[in-house]
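Two complexes are shown next, each including chain A; its partner changes from chain B in the first to chain C in the second.
== the complex of A and B ==
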């Protein structure tokens, strides 16, 4: 009886494990805050008086513009495909997710080329109407407005997913009450459906804003100075105290992000409350005819057309016309680099997420719940910021180890961490752990606690519960989490650009460099590879969206991705 | 308690107390379940009965007290055996079948050695699920799932079985059938069974021993006969079925009522107001006799094998009587009544009201469980 355990399941082991993983993942963020306290001489004051007002203004307008545009597109299309019936409804239901597969920087390149003076659109206008350069004013895509448009087209699916999930879970009864009270369809939408869906929509919107704050590729290409690009530029600038100034900028950006996380958690709690209080009954969709149906089809088709079809077709054509001029071998090497990075990162992210959520389940104490929650903090932090946060402790370590090895053994170790992909993978993990954690956790909520208890009473040790029960039941979630992380890493740009060892190129980096050098047609090959990879998680999402509906029998094998779980 | 159980204890719980935050869900619970016995924990939801079960299973961390299974201590303040080493079988309210495994694999989950395939076959046969060995759990009906859960829990050959509302998910007709199968199987397995239920009828049918709980305390503990016929309080009496309440006053140790005099418990002093509780089936209509109380029949309801009458006593008290249907009684008729020996339960008058707050205040310590045949025999007619 002396081998009895101290607490329910592995003593202090769960707390220790969760604690160290979280510490590892949060360190970069903490480093930023610490470094921001260092002295940067006049550098930051200089920055504050010159560029900072621009950063604040642009970032603010960008976030507001993208949030309001995505809210309209996302909620509108979700309402249409969930509650109304029109031709192509079931097609739109999943295809509205497609723009999610296009990285914003790719859309930015494509539209810049299409809409520039010598591009096909303006050329077409000039030849058709026989205009000359001075006869018309064409909006400049490489502007704040252009960035808002591009980002909105890329990020509205987040709102769409959240709103759709909320509308689906709204019982038809609630809306029928509205009908009996004499509310027309518009007022039913604004007075009943939207207020009920608001907490979910808000969660989706906060995700959009976080992505917007972290956005690098497209705004950098459009030369719109935001915090994210400012951080990168400050870091790369050859001035003294560049690192500290970048850290100070990053710390400033962390404030609104923390607020957002808190607000989002709050909204989500409310959303959960709503869901449980509603008894679900399938909603028979209202059939639209004539011009109303045509309007609905147009409303759904335009975001897909602009957000997915145009950039994709553009890159396909560009690739067919010229493609990457570098050798196949070089392309394959870059693809291999991307692949290796993404595979390592996704395997690590999934394994860590599985173990962390399992440890949390063993000991769901307050501390463990809190620690798991902040482990995903890095997701909200722009890649460039994370990169700096990772660089600070790792370069310190590198130097310490180098000094030790030099003085004790008289050898030079070089840069063990910062000079290799270790730093890149660490940076990715900090960024993407939230994705895998949330997915695995969502999957785990579908494994009722009584199943664990049953396995334990049947003689399985905690390890056995993980192996014999959770692993097989979570297979779908784990694959989905792995794929999402994989794709996230494939298209990741700022962190890779800061960390990559000399001469190390990935598909995303190559595409961005070519595009920055106005060699868009050469970039198309890599861009297409990234788009194809990006479509994988969209396909998974689309598949599960129709399966995991409340009120239907869900197959335990299907993949539990819902609106909330993307966050 | 009885030496019979001490010599062959399956589950022993001593002085168990448990808190969730500031609310006390279990307060000094002690109980013993012998091998081959079924002990039913009865109480409303939130009375702590499920927590008690989870503590015995080791799914909850023990705070105060001691638990032993098959003579081995499994939990006390300073030591704790994890659930997988306690030799228990647990049947969950939602059955908790592993959705990714078929019926056979579910049952075999707890069997370590691969040579025990024939044990799985035997259990499948016992619960009549041989034809469904390869079925996946979600294709099974509630009753079938329950039987698989039972077989799975028994498969490793546990010393104690814990059942958490095992029949509550089934409809009435199926429930009886599944209950009979379950009892058969448990009896054959000769394990100590602790079962939680909120259905008083079920507790009476299934248990060798019934423990009535409320707000974390044991209100009464005894055989089904005891808790039914000699309830510790009016509230418990009413839990197990309807009773007639008669007002009475205590005179020289007897409660005097309109239906006669009944032995009052000793704690009721001379002149105390008493309530006499009588089950409808303990009042019988007999041939006319001078000593019997007369009553007027007000309504007659035929219920098949029984008839149910409401009668009015001379003092205007209304009684409900249930008797076999062989009686021919018509409305308005005057009938003569007698009460079965030992059938009356006599309580302090306000007992019912106080019982809702906490029975200990309405009952003196001597009358509180554990059930004592001495005090029960005092509560009898004349």
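== the complex of A and C ==
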């Protein structure tokens, strides 16, 4: 059944609202594009003839490598825990999310320390077998392959979440039809389940790709030159046109991102269907035995082991050996700052995303669809660049307000935004709105438009539809969105660094300070705190997920995440 | 150990407590108010992120009663913020860890000249701006380190020889993104000219034992482990490793020796951490006091003992850890050259493929 084009008429208000939110969120990106138009001398030509080919090649391979690896891990594990039964299945169902709490740069530090030439693993090999550097070949962790591995382990949960929600949602009837038609489990997966889940999986993958393009810390640490590291290098170089050249590189990076957004919209449009059957029976999971069960357990255990356990144990050991020597009070203050900022940012991000997607549903015009698509653009732009993009309009506003107050009231306001928490949170929102928009949008699409119509027929105003129908039905999606934003913000660095008030520190800032002085062991305390802070939302998310048993008679109060079933 | 366990538990507990949706938000907002504009404060924008700096600022407050408000971020971001804040900026002092950056800041016209007899007398002429726009506070020498068991100290005595064919596959050094390498090459351009420096750069790149990666400590570790035989690092990293709590770091540091390059001619390349006073500084007098304080013996000792940097002021002892390596002659070229040659240096390294 195709979605009805215009479900509810909300007048011009939706366009106005979506327009202003998008404008707010996209301004920083636009500022960078504008800056790119400035004169950079010969800088760009120089970059194009020396470094750019490397940037393009590495970025491409990295994005392809991470996308395909996360697709395999994410979809594979989601399929296993949703449709098959094996020992530990319910444990894996939530613990597969754990790597989400580990910032990629921390995983990179840990693995480098463990696997580099002077690290314990290779040193052990050398001393045990009395080898020198010429006697053996050990895969270089600081490499493109290493970066693909680390990023894939960190980002596969995005795909896992999306794929799992999609698999849960699939009515068992469809798969049973496949069974009666004589399809084996593999072909049922590839010919029915995967195509049906594809729009969801693609949404998860596009988040992964955007994160990968913007990824700086781990990639730089691994000595892989991508667009993001090139932008940083150019921006940081002590030459006159540094900002403009960096902006030009960033603008170039936006092109493939716009393509990606268009492709995603296309994929969703092609495959926008609602399940026709209202029957929603429990899918009896197929029980695996013997080597098959062992294989399933291994498949689920390896990503958790490598993506979560190894780095966590590394930092616990480092912390116990030589943690941060600053006072407990200072540490608690940093932790509090991090948590408060993350909470504020995630509540705002989810509220805005809900309102924007709802407004779009009221008035799904071409303009509104386009605007909501590009509102998340900032996600794919490296954080440091976005921070400058936020700085330009904010400081302009500061000066305008200051001048006005001075000429009209004769008072000096100073700088109202730059150097305050407001600027920090604005920076976060421009970065992470893609996550909340993406999840809330996915959730809302699954609420059948006829329900809205029914509610309106029964006399509900648009606000009532939102409050009494969508809000309860979307609860799972909203929680998921908020928690993913929370995790992202806890790890955020560049916007915090540049806008924070004097003396204001977060856990991520502290870890960066110590790590930039190459004091990794002391950074372990902060690193561990970031991991723990990231675990809380993951645990909540896991609990929400776990209540989402496939096919239970769904009580509207107990909607599984991303699986607002059609009842 | 117990303290660390408490920390560990505390962070779990705190994380749980704050996970409730209604975490307080208003009380941090009020902290966001800009620092009071009394004359008892000085606002510092700093690109240095060292714990020992807190000690310095605390000592200054003790001595003068003036509070130090510090905003730390990467220097490029700080400069951008300063430029945008313009005359409204609360900043009084800009601190950077490299002369190239100070020169760049100067090219954006953010500093005001300071004519302080104390500063002019204490800071050597080549380590401050000719018109007093910025002053060096500490010195860091970029030296050659070598594996004691595989290299004889007389095998190399200057930067130029890093390009010699005998070091093929044996040199470790960090990326050219790093400002210390950019300034080293900028200084070489000044000494040798651009063409000779480019030829040198190609030779060095051909000698790399591995893709440039990690920080200076990582180069020392790589030499100790045998991944490379010689490398180039800043002195204080070695000093910090010698003084480290980590046994592995102390062991690695013990396996390498230092060569102060070019002692026979122009001297070793030294860079500075330094500071200048912002044009629009609301607390200009306090800013001068701070800079003067930072060149006093007490402050210079903290730089030296705490962070293992060389003091800029003559007559103050170098870090104990670096004393065994003796004294050296530094290249007298004015540090502002690193800024004016920065672009040429960067493009040259791009061309010869120094990652």
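Following the convention adopted for this analysis, the second predicted complex is superposed on the first by the 334 of 567 C-alpha atoms of A that agree within 3 Å, B and C clash if a C-alpha of one lies under 4 Å from a C-alpha of the other, contacts with A are read in each partner's own complex, and residues count from 1 in each chain.
FYI, a contact is a pair of C-beta atoms (placed from the backbone, for glycine too) under 8 Å apart; a residue touches a chain by one contact, two chains touch by 3 or more.
Quick caveat: nothing in here was measured; it's all calculated off a predicted structure.
Partner contacting the larger number of chain A residues, of chain B and chain C: C. Of the two partner chains placed by the overlay, neither chain B nor chain C lies in contact with A:19. Contacts of A:256 after superposition: neither chain B nor chain C is touched.
Of the two partner chains placed by the overlay, only chain B lies in contact with A:473; chain C stays clear of it.
In the superposed model, A:456 lies in contact with chain B only, and not with chain C. Once the two complexes are laid over each other on the shared chain, residue contacts for A:185 go to neither chain B nor chain C. When the two complexes are overlaid on their common chain A, residue A:332 makes contact with chain C while staying clear of chain B. Looking at the shared chain after the overlay, A:448 reaches chain B, while chain C stays out of its contact range. In the overlay built on the shared chain, the residue A:285 is in contact with neither chain B nor chain C.
By the touch criterion stated above, A:392 is placed in contact with chain C alone, chain B being left untouched.
By the touch criterion stated above, chain B contacts chain A in their complex at residues 54, 57-61, 72-73, 79-86, 88-90, 92-94, 96, 98-100, 109-110, 112, 138, 152-153, 155-156, 162. Partner chain A is touched in their complex by these residues of chain C: 1, 3-8, 10-12, 14-16, 18-19, 21, 23-25, 28-29, 31-35, 43, 49-51, 69-78, 80-81, 84-86, 88-90, 98, 100-101, 103-104, 107, 175, 177, 179, 182, 211-218, 221-222, 224-227, 237, 245-246, 252, 339, 342-343, 346-347, 350-351, 355. Residues 1-2, 4-9, 448, 450-451, 453-461, 464, 468-469, 472-473, 553, 556-557 of chain A are the ones that touch chain B when the two sit in their complex. Residues 46-47, 50-51, 112, 117-118, 122-123, 132-133, 142, 220-223, 225, 229, 232-233, 235-240, 242-243, 316, 319-326, 328, 331-332, 335-337, 339-341, 343-344, 347, 384, 387-388, 391-392, 395-396, 398-399, 402, 414-415, 418-422, 494, 497-498, 500-504, 509, 512-513, 516-518, 521, 525, 528-529, 532-533, 535-537, 540 of chain A are the ones touching chain C in the complex.
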